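The structure appears below as C-alpha cells.
Labels A, B, C and D are assigned to the chains in the order they are written; within every chain, residues are numbered from 1.
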Amino acid sequence: MIDKRVKSIAEAMQGIKDGSTVMFGGFGAVGSPVHLIEGLLEHGAKELTLVGNNAGTGRVEPLARLLASGNVRKIICSFPRSSGSVVFDEMHKAGKLELELVPQGTLAERIRAAGAGIPAFYTPTAYGTALGEGKEVREFNGRMYLLEHAIRADVALVEAWQADRWGNLTYKLSGRNFNPIMATAAELTIVQAQHIVELGAVGPEQIHTPGVYVKRVVHVPYGDPAPALATTA
Amino acid sequence: MTTTAARATGTAEGFKPWTRPEMAARLAKDIPEGWCVNLGIGIPLLVSNFVKGREVIFHSENGIIGMGGLQKPEELEPWLVNAGKQNVNLVTGASIVHHADSFAMIRGGHLDLCVLGAFEVAANGDFANWTTSLKDGVPAVGGAMDLAVGAKRLWIIMDHTSKDGRPKLLEQCALPLTALKAVGRVYTNLAVIDVGPQGFEVVDMAPGLSMEALQAQTGAKLKRKAP
Amino acid sequence: MIDKRVKSIAEAMQGIKDGSTVMFGGFGAVGSPVHLIEGLLEHGAKELTLVGNNAGTGRVEPLARLLASGNVRKIICSFPRSSGSVVFDEMHKAGKLELELVPQGTLAERIRAAGAGIPAFYTPTAYGTALGEGKEVREFNGRMYLLEHAIRADVALVEAWQADRWGNLTYKLSGRNFNPIMATAAELTIVQAQHIVELGAVGPEQIHTPGVYVKRVVHVPYGDPAPALATTA
Amino acid sequence: MTTTAARATGTAEGFKPWTRPEMAARLAKDIPEGWCVNLGIGIPLLVSNFVKGREVIFHSENGIIGMGGLQKPEELEPWLVNAGKQNVNLVTGASIVHHADSFAMIRGGHLDLCVLGAFEVAANGDFANWTTSLKDGVPAVGGAMDLAVGAKRLWIIMDHTSKDGRPKLLEQCALPLTALKAVGRVYTNLAVIDVGPQGFEVVDMAPGLSMEALQAQTGAKLKRKAP
C-alpha cells in the first residue's frame, strides 16, 4: 500500500542535507508551510539556499527565525522587503545572506520549468532593466527576451488543505499560490496538510496536485493563517 | 508670487488638482465593461471603487481572477488575500489559479489593462516604479516587471510631481527601470497624458489648469493630443 | 453585463479569415469540438493551418470533411496516422496537405508557451532524431536540448463540459486534454459547451479555464462522444 | 537440423520462448509498489494485468494519473480513454490533468518507468519504435519521444527477433531513432537484458535457453550481467 503519511515533522525532515536548495510555498502567511519551515530550523541543515516569494516578517515567525539562525546562505526571492522584514534586512545588509532577486512571474515560471523538464526559456520580463543585466538576450519576432533557467530544488515545503495517503492535494483559495508548482520542482516534496482525507474523497477532476509529485505528508491541522495585514506585494 | 508657481502648487484661484479619488474615477471612466484589469498596490487599487454598474474583472497576480473589495471585519476569510496581502472578497464567477498560471495569464497578454504607480515615466514609455536605488536598502520587485511587459495596456496613476515638486514625467528616467517602452497613458493629479510615438500628448487636464502651467511641472515636452 | 454566449455556430465563426491558424482540442473523439469544426467547414475559410493532436478518422466526421474540402493547407499534429485516417493519408500523399509532425509533449508545451507569453523554450524531446533535424541544439548541464517555438493561433476551437456567461469552463474527465491550453493560445477562443450554467455555479477552485481566455460560447448539448475504438496514440 | 537453428525458432525440446503474458508478467515482477508507470500501446499494456496486490499508479499521457483496466461493456464511460483511445476506468485516487501538465510530468522525470515496444534497440540504449520509414506512408509519433527522454527508466518489451527472424537487438539502429541512449532494459520472449555502460548484459533467460543460442539471435555482443 502506498502511504506517504509520516508521523512527525521531524520524520518529514529526515535526510535533508547541508547545502540543500529548499523551496517553500506561500504568499505572505497564506499557504505558507510554517510548521515545516520550523521543522527545517530544528532539523538543523546549514548552508541552505531558500526559494520563495517572501523573506519573512518580524522575529518570531519560523522563516524569520530560520534566516536569523545563520543556516541560510542565499535566498531566491521576488519580494524580500516588506514593512516587517527586519531579520532579512539585517542579515542582508550585514552581508550574511545573499539575495537573488527575481521578478515574481519569472520566479514562478522558472520553478514550473524545473518541474516540467524545461531547462530554460525566454521571457520578456526584466529585459533592459537592472534585473536583466548579464542575462542572455535574444530577439523573437522583433521583441527582445531574456533567457531564464529552471530553478530545481532538493526539497519543496508545501502547505495543502487536503491530502490523501497517495499525496494527492488540494489547496484552499489563495493558499494555492506557489505550492502546486513547487511540489513539482523538487526531489523531495514534503507537505503539511490541514486535513487528511480518504483516498478517493477528492474527485479526479478536483485534485490540484497529483500525488506522484509528493514524497511525504504530515498532518498539521493548524487552522487559519493570521488575518492579513496590508503590506505590499 | 508668480502665476506659474501658484499653479504649480495648485493653490491658484480657479484651479485645484484632482484628488486621488478623482484621479481614480477619471481612470475608471476609461475602462469599458468586460475588461480584465490588474490594479497595483496603492492609488491604483482605488480604481476598483469607480467601476460600479459595469462588470470589470479584477485580477490579482497571486492567482485570483474576479477579485472583489476588501473584506469587512464580519466577512473574514483569512484564506483570501490580494497582491498587497490584504484580505479581499471574490465576486460571483471568480476563479483561482496557481502562480505560474497567473503569470502566464499576465505575460501571455490576457489582461486588458494593468494600472501601476510610478516614480518616473519617460516620454518614450519607459518607467521606473520598483526601487529608488540599487545601492541603498534592500530591493524588492514583486510582479511589477511581469505586469508591465505582459498586460495589453499599461496605465500609470501617480502625482504629477514628487513631494518636493520635481517633475515625474521626464525625457528619460533616472531611476532603475521597471520596463522599456511600456506605458500607454498616465493619469496624474493634473492631467491625463498619452505616451504617443512622438512623446507625451495631453488628453485632459484638471479644470482651470493651463497648458503652460502643466508644461512647467513636466520634465519633457508636452503637446496636445490630436482630437 | 459580460455575456460571451452566442446563439449559433455560424455566429461563433464570424470573422475567421482565410489563412488563419486554427487549433482544435480533443484526443480522438473525446473533447473534440466537432460542431465547431463542422461550423468552420461551413464558414468556408480557406488556406487554413490546423493544430491538433489527430487528423481525423473516416470520411464522415467533420475534421475528415474539413481536410477533404481542400480548405486546409497545413496541419501541425502529433498523431495524424491512425487506422481510420483515410482522408488525411490521401491528401498528404497527393501533396495537397502539408504536415508538421511534432512530438505530443512538445506540441502541448509549444501551445502552452504561446498562451504564457514564452516565445521559445528548450526540450530534450526529439534531440538526435529525424524530428529534431534542423532545429537549434544547446547543452544544459551536460544534456542536449532542442529549441522549440511557441505555436500561437488566430482561433482555438474548444469543447467544454460546463460554461457560464463569462466563459469560465470545466471539462469532463479525458475531455480535458488539449482544450485548456489551446484556450489560452489564440486571439479568438470559441467554445462549444455541453452545459450552460449560471455564473457562480462552479466554485472558484473548480473552474479549469478562467473566462478571461474565452471570447465566444455556444451551447451544443450533443451528448457523449462515440464509444472509443482502440486505435493508437 | 542444427541445435542453434532449433533454439532460434524456439522449437527445440526443453525450450519454449516466453509468451507475451509471460513476458509481461516477468516485467511486472520488477515493478515495485508505489511506482508511477506509463505503459505504451500493445504488449506493454499487458503489464497492468500482473501487478495485482501491489499499488502501482498507471499514467496515461492524455492526462490520467491512476488509470484502471479496460471498461467492461456495462461500465461504459465514454469520457474516459487511454492513450490508445480505448475506454478505461479510473482507480480510486486517480486524477486528471491537461496535456501540458501531463507531459510536464513525463518530461520532468516524475514517472518511475515507461514501458514501450520497439522495432530495434541498440547496445548503447538508442532505440527505434515510431516509424519504419520516413519516406513511405504517413508518419506519426504521438508521445513516444517525450516518454523515452522523460521517464526515469525506459524498459522495452518486444519479441527478440522480427517476424522474419532478424535480430532486433543491434550494435546500432538502422531505423529512424525515437531517442538516444534511453533504454535501460529490454524484456523479450527469450531474455531480460540490461543496457549497461559496455552494452547488453543478460539478466535472465527463458528456461532451457543457452547463452550461445541467445547470442545467435542477437545483433550485438551479449555478456552475462555480473550478479
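Note that a residue touches a chain if its C-beta (ideal position, glycine included) is under 8 Å from a C-beta of that chain, and two chains touch if they have at least 3 such contacts.
Quick caveat, the model's predicted, so the values are computed rather than measured.
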Point to revise | subunit B and subunit D: spacing of chain centres that average the CA atoms, whole Å | key: 58
**Study point:** Whole-Å gap between the CA centroids of subunit B and subunit C
**Key:** 37
Practice item. Quick one: report the Å distance separating subunit C from subunit D, using the average Cα coordinate of each chain. Key: 30
Check your understanding: Listing for subunit C: what residues touch at least two other chains?
Key -> 109, 112, 116-118, 123-124, 171-173, 176, 204-205, 208
Revision key, fill the gap. Among all residues of subunit D, those touching at least two other chains are 96-97, 100, 103-104, 106-107, 150
Review point. Hey, how would you classify the chain contact layout here, line, ring, star, complete or other?
Key: other
Review point. Touching pairs of chains, which are they?
Key: A-B, A-C, A-D, B-C, C-D
Review point. In the complex of these two chains, what residues of subunit A are touching subunit B?
Key: 27-30, 53, 78-82, 85, 88-89, 92-93, 99, 101-106, 108-109, 111-112, 123-131, 171-181, 208, 224-233
Check your understanding: Which part of subunit C faces subunit A closely enough to touch in the complex?
Key -> 109, 113, 116-124, 140-141, 143, 145, 149, 170-173, 176, 204-206, 208
Review point. Which residues, counting only subunit D, touch subunit C once they are in their complex?
Key: 40-41, 61-64, 76-81, 83-87, 96-100, 102-104, 106-107, 134, 137-146, 149-150, 176-180
Review point. For subunit D, which residues are in contact with subunit A within the complex?
Key: 33-34, 36, 55, 57, 59, 65-66, 90, 92-97, 100, 103-111, 150
Point to revise | For the subunit A and subunit D complex, residues of the former touching the latter | key: 1-2, 112, 114-118, 164, 166, 168, 184, 199-200, 204-205, 207, 210-213
